[in-house]
Each structure stands twice: as C-alpha cells, then as structure tokens.
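Letters are used for the chains, namely A, B, C, D and E, taken in the order the chains are written, and counting of residues starts over at 1 for each.
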Amino acid sequence: TAVPPVTVDDNNDRTSVKGHTRNLSSGTTPCTEWITLNVGGKDFTTTRSTLTQQDPDSMLARMFSGEKCVSWQSSVDETGAYLIDRSPHYFEPIINYLRHGRIVLDKGMSAEGVLEEAKFYGFRSMIDHLEEYIEKNQKADDNTPIT
Amino acid sequence: TAVPPVTVDDNNDRTSVKGHTRNLSSGTTPCTEWITLNVGGKDFTTTRSTLTQQDPDSMLARMFSGEKCVSWQSSVDETGAYLIDRSPHYFEPIINYLRHGRIVLDKGMSAEGVLEEAKFYGFRSMIDHLEEYIEKNQKADDNTPIT
Amino acid sequence: TAVPPVTVDDNNDRTSVKGHTRNLSSGTTPCTEWITLNVGGKDFTTTRSTLTQQDPDSMLARMFSGEKCVSWQSSVDETGAYLIDRSPHYFEPIINYLRHGRIVLDKGMSAEGVLEEAKFYGFRSMIDHLEEYIEKNQKADDNTPIT
Amino acid sequence: TAVPPVTVDDNNDRTSVKGHTRNLSSGTTPCTEWITLNVGGKDFTTTRSTLTQQDPDSMLARMFSGEKCVSWQSSVDETGAYLIDRSPHYFEPIINYLRHGRIVLDKGMSAEGVLEEAKFYGFRSMIDHLEEYIEKNQKADDNTPIT
Amino acid sequence: TAVPPVTVDDNNDRTSVKGHTRNLSSGTTPCTEWITLNVGGKDFTTTRSTLTQQDPDSMLARMFSGEKCVSWQSSVDETGAYLIDRSPHYFEPIINYLRHGRIVLDKGMSAEGVLEEAKFYGFRSMIDHLEEYIEKNQKADDNTPIT
C-alpha cells in the first residue's frame, strides 16, 4: 500500500516536472510520523522514530529528525514517498536493524550487498559488525562479490 | 489487492495530514471482519478471528478484539489498512501461525528474524518454541544474527 | 493486475461497510470464467475450470462450481477478488497443482507449509502425497515445523 | 507497472461482464508492439517480437503473430493485459528464454515446474532440454515433483 | 510506487495506441533526474547519474545522457516509465552495480542469468568479471544454464 501523499511545501527554489521535483538542492516537506521510503522502486513504510533513533549521524536520521523532513535530492514521488536511489532488496536488513537493533540475514543473502547499503546510509556500528562477519566467513563461497 | 478503506471514526483528539492520523494516542475505527494490515509497506489481508484467537494477550488480539479496532499509533493508511512498523518478510510465519497454529519456516529463513517479530507482537508460546529451536540449532551457520 | 470487479448480487442478508460485505453467512456473486482470489493479500488470477476440475469435494470446487459463485465468509474485495484468509506463499504449489495435476515444490519450500494449506482447502490426494513425502524426508532438516 | 489498456475490438460474439469478456471462443484485439501478459495474477511486459521469434508453433507465437492479437479464452483484463491461467513463478525462465534463447534457472528453482509450463506453452526445444536435464539430475533431491 | 509520468514530447513520427507509442524509430522525452524503468513488468526507480556514470558506452548511458531521454523502441508506459523487454530478476545486480560499482550476487542467483543481461545492456567490465567468475566456478552445479 502506498501511503498517501504528504503536503509538499512548494518553495521557490524548486521546479516541478509532473510530480517530480527537479532541483538537486535540499527540499523539505512537513514531517509526518509515518513515512514511506521509495527505495529503488519499492515502498517501505515506517516511522520517524525508527529512522532516527539508532544512529543520529546516519543519513536517514539527518533527513527525518528536524521539524521538516529533508528529501534526498529534493525528491518525493507523487504518493509522497521519499525517493532513494538504492537497492530495495539489501535495504530490508537495514530497516529491520533500525526497528530492533539486530542484524539478521536470511541464509543466502549476501552480507557484502548489505554492507554496501550500510556504507551508503552511514550506519557505523552496522558497518563494523558486517565487515567483521564477512572477514570471518571469507571462505570461497559464492556470496563473495565478484569485483 | 488493497482492501478498501473502512470508515474512520474521526474523533477530536486526532489531526489529519493527508490520509495520516498524526496523534500518537489511541485511535479507533469500527471493526470489520476482514482486516488489512500494512506491515512495513506490504499488505496482509486477514480476519479478526485469525488475529484474536491464538493469544488473547498479544498486541494484535488486543488491537482487534473490541467493538472498535484500535489502530497502532492511531494510524491507518488511505486504503484503510492498519500501519505496523515492522518487517513484512518475517511477519509471514507469524500470520500463518495465527491461521493454523503451527510455526513453519522455509529453509533459509532466519529463525532469529521471526523471533524478533514474535517478541514485538507478544506471542508467548511462539517465542518459547523459537528460542528452543534456535538453541538446538546453534551451530555456526550463517543464519545466526551478526549482532 | 487486479482483475476488475464482478457485479455483486447485493441481496438483503448482507450489509456493506465500504467495499466489504460483513455478514458471515453465504454470499453469492454471478460467476465469471476468470476469477481472482485475494489470498492473504496477494492476487491469484485463474479460471473456474482450474478451480473446480481436480477435486469436486474441495472447498474451492464447491465455491465456484455452481451458477453463482459462493464467496468465502461472504466477502469479495472492491476489485471483485474473493478474499481467502490463508498464506499466499504456500498457495502457489496448490494453484499449480490445480492447473496441471502435479505437486512441484522449489528447493527450500516447506512441504509442511503446503500441507497445512492442502488440508485447509481439502485436497485429499494432495494431502496424501505430501504426508507420504514428509515422512520419507523426516531427517532432522530445518524445514520440519517447529511446533 | 500495468501497461495501459489496448482498445478492444468489441465484436458481437462476446458479452462483457465488467471488464471481462466471457465467451470462450476466440477474441481478438489490435496488436501493439508492447504487450502485457497477466500470468496467474502477475504482469509481464514484453514485445511481440519476443513472444513470436523463438518458436512459431508455440501458443504465444500463434496468439501474437497475426495482425490482430488473439486473446487466450477471449480474455484481457481491464488494463489490457492478456490473461493466462498459469504459474507466474515458473514463467520467468520461459520469458527469459524467449528474450535470449537460453534456459537459465536459479539454484533451487524446480526444473519440473518449468517443464510443466514449457509443455503448456508448447516450446518444443525447451521441453527437450529440460527433460534431458531432469533425467541427468534424477538423484533423490527435493526438487523432484512429489506426484 | 510508480513514479508519475513525464511529459511526452509527442512528435509526428509516432502514433499512440492508448498510452503506448507504436513506432519503432527513436522517441525522446525531456529527461528528469529521477527515472523509472519498467523492466519486464517491474519498476526500478533510479537517477540519471546512476544510469550514465559507470559506462558511457552502455545502452542505458546512451539512452539517458543527452538533454532528451531516448526511449527504447520509442516506448514509455502510461506512468512515464521506460519500457525495457528484459528480465527484472537478473536486472537487480545490474542496477546495484551501477549504484556502487560492485557485482554482488545472492547465493543461488545464476551468474549466467546476470551475464545475459550485462551483455544486452553492454556493460563491458561487468561481462568480463562475470565470464571469469563463471569459468572458475564451472563445476557441475545446477546454476549452469541448461542450453
């Protein structure tokens, strides 16, 4: 379910092209408690407290901790979801970590794939745990990245 | 399929921002027999009896057993689905457990991931079974959580 | 794609709450050849002949074999899909069995999960095959249900 | 994304029930280059050339090679997608085969499941390769169909 | 979430059939920073810079690097997403590669399946790495393509 659009604060430094804001400078929208992220084309519905509580220095905490939400590259889609140009698949362990503080991966999910996302969002403690885990499991299994 | 909106009982202690109710106190809506939960962005359609029968003390049973349904953090989305800020992936064995009373995990699904959800929703018997199962299977396999 | 709504025969013994029929007694709708089932929140599009040909005593055959389709707990959603409060994941081998008569499971899919659904829908021959299969494979693998 | 409806050539020998054509005789719609198939409830967007180039005798080639597209059991859904009552899961290797001519299966995907679909659609060369492959791999693994 | 339609530059050499452009010659639309690709029926939302930065000679870079975006076979769907007739499943490691420059595959995902896509889109360096990887892993595992 796409959570419905938040009212967009249409300030002057943005121009719209049919539902997209195009300006790459910061855009802001009034923050609601429930937030939908459109990560690479898939919706994740969560709350501000989930996004901001674990690591105040992370990108997501900085985006959603103020009185106004700062949209990534100024863009929300027409349903009001914040657009993030990253993998939805490897974002799942990330958002679960934000919900309960543990890193849990299904068998077969590449830890390297999750690590790339943790680096992008800037979750310091998650990066450390994942790097340690990957090093320990550095046997020639098909999960290790090809490049 | 998103199940259509229930009529929302718009009482005074809530304010709406385009389809979201923002107040964190309890909100209530008239309960229908069919209920859609929007768990972390994914819809699960089920019935009140499924949600309430297995464990009357669980969060879901308490939300949906009264004459009025109590929304989690007062929020339903525009389609009438109850918003829950948790993993949809690990919710699947939870809802199936509510349907038939057995805990069934596909190979590769992390039991720890399911355990975190069982704890959140407060399914006592499920927690016990999962913890026992995890302990028995505590061989160094890649399903054990990293932190 | 949600297949569009069938016309609902709105007889007196049901009351509607925004798209839901609430009465738990039998409801009926004129049967179309193409039918969409909303199983636990996910759409499955199929035909009446698929649903009715394999096992005339099964729940689905009984629902869709008459001149009028009988909705489960009187409920169709707003798109006209028949609501069924069961796992969509384990329904996939069920509907494929109805299509071609063979039980095929991907590696890793829990046969116990499928068995629970076969029991619910009442596919006698499928139950027998699955129980036999599970018994033969009763080695301590992580697919065996926890409870 | 559901690709938008094609204009349906509403000839006399069909009657419509809210978006469905009911008559089981052949229905035809003007063919567009981009075609969406609704396979068992899931959309696949592709082109006519993909559907028709690999095997002119297959069901899909015959449906989409003429000046008018022939709908399967006369039915397109309201978005204009052609309804096919088969497994979407096992259709993925089929459509990829049509795109690049190779049969590629992820680990764990049942070759028997794909074979059933190849038989249904009538891809002769694919059937031969799959049968040969299955025979070679006929060790007691859990991918072999239960019946 | 389907990202909303871009305005389509409706020049003369195309004719429209309900939301589809039919002409196979090049079509162009004004480029927005956020772009949605409809790959085989599934939406991927990303940015122009992601699509164009890694390999300027690739098909995607050429489509989206000019002032006007060039649509593949002149076609965007009604939501403004660019239609691409390829596998969405094996496109995921491709788009992630464009985002962070590494090739990461989950266990079980067929490298051959990804290779076919890398060849189609023309990512030279990715092709080399994947071919090298496949050769090294050429043990008789069930990931090797059947044909």
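One rule holds for everything that comes next: a residue touches a chain if its C-beta (ideal position, glycine included) is under 8 Å from a C-beta of that chain, and two chains touch if they have at least 3 such contacts.
The structure presented is a predicted model; accordingly, all values stated were derived computationally and were not measured.
Asker: How big is the gap, in whole Å, between where the Cα atoms of chain A centre and where those of chain B centre?
Answerer: Whole-Å distance between the two chain centres: 22.
Asker: How many angstrom lie between the centres of chain A and chain C, each centre taken as the mean Cα position?
Answerer: Chain centroid spacing, chain A to chain C, equals 36 Å.
Asker: Can you tell me which residues of chain D touch two or more of the remaining chains?
Answerer: Counting only residues that touch two or more other chains, chain D contributes 36, 42-43, 107-108.
Asker: Which label fits the chain touch graph of this model best, line, ring, star, complete or other?
Answerer: It is a ring, because the chains touch in a row that closes back on itself.
Asker: If the ring is traversed from chain B in the direction of chain C, what sequence of chains comes out?
Answerer: The ring, traversed starting at chain B in the chain C direction, is B, C, D, E, A.
Asker: Can you list the residues on chain A that touch chain B in the complex?
Answerer: My answer: residues 1, 3-7, 30, 32-34, 36, 42-47, 50, 80, 92, 95-96, 99-108, 111, 125, 129-130, 133, 137.
Asker: Could you pull out which chain E residues touch chain D in their complex?
Answerer: Touching chain D: residues 2, 17-20, 22, 24, 36, 38, 40-43, 73, 75, 77-79, 81, 83, 85-87, 89-90, 107-110, 112-113, 116, 120, 141-143, 145-147 of chain E.
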